[in-house]
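What follows is subunit A paired twice: with subunit B in the first complex and subunit C in the second.
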Partner chain A sequence: MLPDFTEITAWMPDLMSGFKISLQVTFFSLLIGIPFGLVLALGVMAKGRVIRAISLFAVEVGRGAPALVLLQFIYVGLPSAGLMVGSFMAAIAALAWNTGAYTSEIIRASLLSIPSGQREAAEALGMKRLDELRFILLPQGLRVALPALLGFSILIFQSTSLCFTIALPELVSRAYEIGSITFRYFPVLLLAGLLYASISIPAALLVDFIEKRAGKFASR
Partner chain B sequence: MIASDKTLIRLNGLSKHYGRLTVLDGIDLEVKAGEVLAIIGPSGSGKSTLLRCINYLEPPDGGTITVDDIVIDAGNPIGRAALSGLRRRVGMVFQSFNLFPHMSVLRNISLPQERVLGRSRKEADARSMQLLSRVGLADKAEQFPIRCSGGQQQRIAIARALALDPEVMLFDEPTSALDPELGLEVLAVMRELAKSGMTMIVVTHEMGFAENVSDTVMIMADGNIVEKGPSKEIMRNPQHERTKRFLRAVHDR
Partner chain C sequence: MNGLDLMPLFRGLLWTITLTGGAFLIGSVLAVPLLLARRSRVWLVRFVAMSVIQIVRGIPPILWLFIIFFGLGMGFLPVSPFGAALAGLGLIAAANMAEIYRGALSSIHFGQFEAANALDLGRWSTFRDVVAPQAFRVALPTAASYLIGLMKETAVASTIGVTELAFHGKQMSQLTFRGLEVYALVGLFYIALSLPVAWASRAADSRLRARVAR
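Moving on, here comes the complex of A and B:
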């Protein structure tokens, strides 16, 4: 059942190139998705009705639809509307949307966790709303949100495996490819799983560590 | 000891409702430059709401507010210029201090100066240190607020408000969250501030402060002014039945 040494050396180059694509998709999805989440969070909290409605729609669709459906929707749906997207771009767009929708709720909740007295103080001091956000709410809110954001980032990394459904040559696709040639599905998927774990487990430990340190300024 | 005859704050028919509940029932009030006005009265009488309406933390829904040369008609939506003008002239100190916990004491006082008045960091820090010395906390500049006692935090909050050079300071029960000893050090700072000629409106349950430091005392009940006059007269010889009842209740404690 286990892959032997020659198999590992034979499969590794393909698996590693898939692994690299998984990491790239994760990186860009988060790079775009988390700032998008901040924008959506502010949009949902905005006073203007139109902005709020648009933001809410983007959040509800992004959270409501499974990542798999978003992927298909963008990869298959958009070309039929005349907009061609490659599988790499489609993967990033779908996962960034998913990330934005979920992280907007994480960010919104952490901004709301800042005691309202601080906002009143900033207001009474005559600080502009943007300054209040930049200097008072965001520095504290993001510190609160950080562990949850990192935790979600691990989930997105794992979600990149769904991209095999849109023919993106990421880790799971490459493993399947090897499996379909060698019929050694279990050993090659086991290897792929170990590669996911090599990132996810240390990252989860890092989240625990950061969680313990976050908000240290607020304790004696 | 009112320094001048110039009226700094004038409220005309200021009203505020929460749904069908009337919180402020058309308040008329004048405060002269340099005057220290203490507002006392039972909970729910509208004292804090009145204070919060003056700097628009709660928008009133009727009447006018005049502070210095700023005139605001509460019937209309407030303009951006009027609001920032109002906030420039009015400083506020809260019951719960509301310092920013992620910044040092010095940053707490300097940041608003930089953002609101456009002072350079150097200018702002110099002013902050001067005010920290004035409230006796120069040695706390680099600490985080959590390392300071409640009384110290409130003195820092006073310094933060003063750093913006307001014309009037509002105090919303500044000692209510403090034990009597810590309250005393805050009251000492407020007494010094009053002596320096600052115009102050203080919502308080400290009867000693109302009688001995303030020039004028105003008693509120049910969104109305029950009685207002020179502090010694009101505190020692109240005319109104509602005032007598309230002061008796305070003294019987």
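Moving on, here comes the complex of A and C:
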């Protein structure tokens, strides 16, 4: 039932190269998605009605539809509209959209948690709106948002497993492939699970720790 | 959207609802013993419960379904796709619900426990009459938003052949070559499904809040 040593050494190179793709997709999705979330958060809070409507639509669809459906929508849907996308690009686009939608809510909540006196003071000092955001609001807001953003990053890392459905050769695809060749599904899937857990469990414990510390700072 | 037969999507919707409801039910029941173990006085029990929760949450849902359906299903313990999905998602829901219960429980002021102790209420009575009603109100909004999350998570069941919404969406897009419209529609179905849950949760929350308002 468990993988033996020769199996592990035979499978590991394949699994690791899949794991690398999972990590790359995670990295780029967050790199694009979190700034996108900031833009969406500002868009939802904007005064212009059109900007607000568009941002709200992007957030509600990105949060409301399952990541799996977003992936399929971009990978299968866009080519039928005449726009070809590879599975790697489709994965990043879909997960970045998902990230943007969720993190925009996290960032918006953290910006709203800043006392309005901060904003008024910045205005009284004659700061430009962009400077106010950069020097007053973001440094305070992101500090509040950090634990939630990190927690969400773990979820996105796990969501990369959904890219199996768009034929991206990431970790789950590799494990499934090995399983279908050797018929040793259980051991190879277990090994893949171990690789996921080796990142997500320490990361989750770290987020817990940061959350507790942030709570301590806030309660002082 | 003319020319598309939407019946399969509605049939899929039914399976999505069944799977979500079933997994949520299993999860909220199994979470109780898990929570009790998590708060046990024996450190070993506590450690085991915590490890179970972390491991279940540390592995992506799709992999859990594969482990159960392909890993256990091929040889050890033959299982239907729906059974595997129900077991996998139920397990994940249990771990998450245990954490939700724990969060709600820790929001209760320790004065409540002291007061119950001073009134000489037993452990069970303290839980039933003092702690649970208060914790329930705190847990409700979180549990509802988790229910919505779980509903979206059930889309992964399509990968092992459960004929739910995403499965029919995929089939339909392959039949019609109109992926853009089909998947937009499927996404809309999921969003539409989450609206009544969100609404009911908000209504219940404001009603419960009104009852304890001073």
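The criterion applied here is as follows: the second predicted complex is superposed on the first by the 211 of 220 C-alpha atoms of A that agree within 3 Å, B and C clash if a C-alpha of one lies under 4 Å from a C-alpha of the other, contacts with A are read in each partner's own complex, and residues count from 1 in each chain.
As a working rule, a contact is a pair of C-beta atoms (placed from the backbone, for glycine too) under 8 Å apart; a residue touches a chain by one contact, two chains touch by 3 or more.
Computed from a predicted model, the values in this text were never measured in an experiment.
Engineer: Looking at the overlay, does A:Phe183 come into contact with subunit B only (first), subunit C only (second), both, or neither?
Structural biologist: In the superposed model, A:Phe183 contacts subunit C only, not subunit B.
Engineer: With both complexes overlaid on chain A, does A:Glu123 touch subunit B (first), subunit C (second), both or neither?
Structural biologist: In the superposition, A:Glu123 touches subunit B alone.
Engineer: Where does A:Arg143 make contact in the superposed view: on subunit B (first), on subunit C (second), on both, or on neither?
Structural biologist: Only subunit B; A:Arg143 stays clear of subunit C.
Engineer: Check the residue A:Asp131 against both partner chains and state whether it touches subunit B (first), subunit C (second), both, or neither.
Structural biologist: After superposition on chain A, A:Asp131 lies in contact with subunit B alone.
Engineer: Is subunit A touched at more residues by subunit B or by subunit C?
Structural biologist: Of subunit B and subunit C, more residues of subunit A lie in contact with C.
Engineer: By the touch definition above, which subunit A residues appear in both interfaces, subunit B in one complex and subunit C in the other?
Structural biologist: none
Engineer: Write out the stretch or stretches of subunit B touching subunit A in their complex.
Structural biologist: Against subunit A, subunit B makes touches at 55, 57, 84, 87-88, 90-92, 94, 96, 98-102, 111-112, 115-116, 144, 146-147, 157, 160-161, 164.
Engineer: Spell out the residues on subunit A that touch subunit B in their complex, using ranges where they run on.
Structural biologist: Against subunit B, subunit A makes touches at 115, 117-118, 120-128, 131, 135-136, 139-140, 143, 217-220.
Engineer: Which positions of subunit A touch subunit C when the two form their complex?
Structural biologist: These residues of subunit A touch subunit C: 1, 60-61, 64-70, 72-73, 76-81, 158-159, 161-162, 164-165, 172, 175-176, 179, 183, 185-186, 189-190, 192-193, 196-197, 200-201, 204-205.
Engineer: What does subunit C use to touch subunit A in their complex?
Structural biologist: 54-55, 57-64, 66-67, 70-72, 74, 76, 152-153, 155-156, 158-159, 166, 169-170, 173, 177-184, 186-188, 190-191, 194
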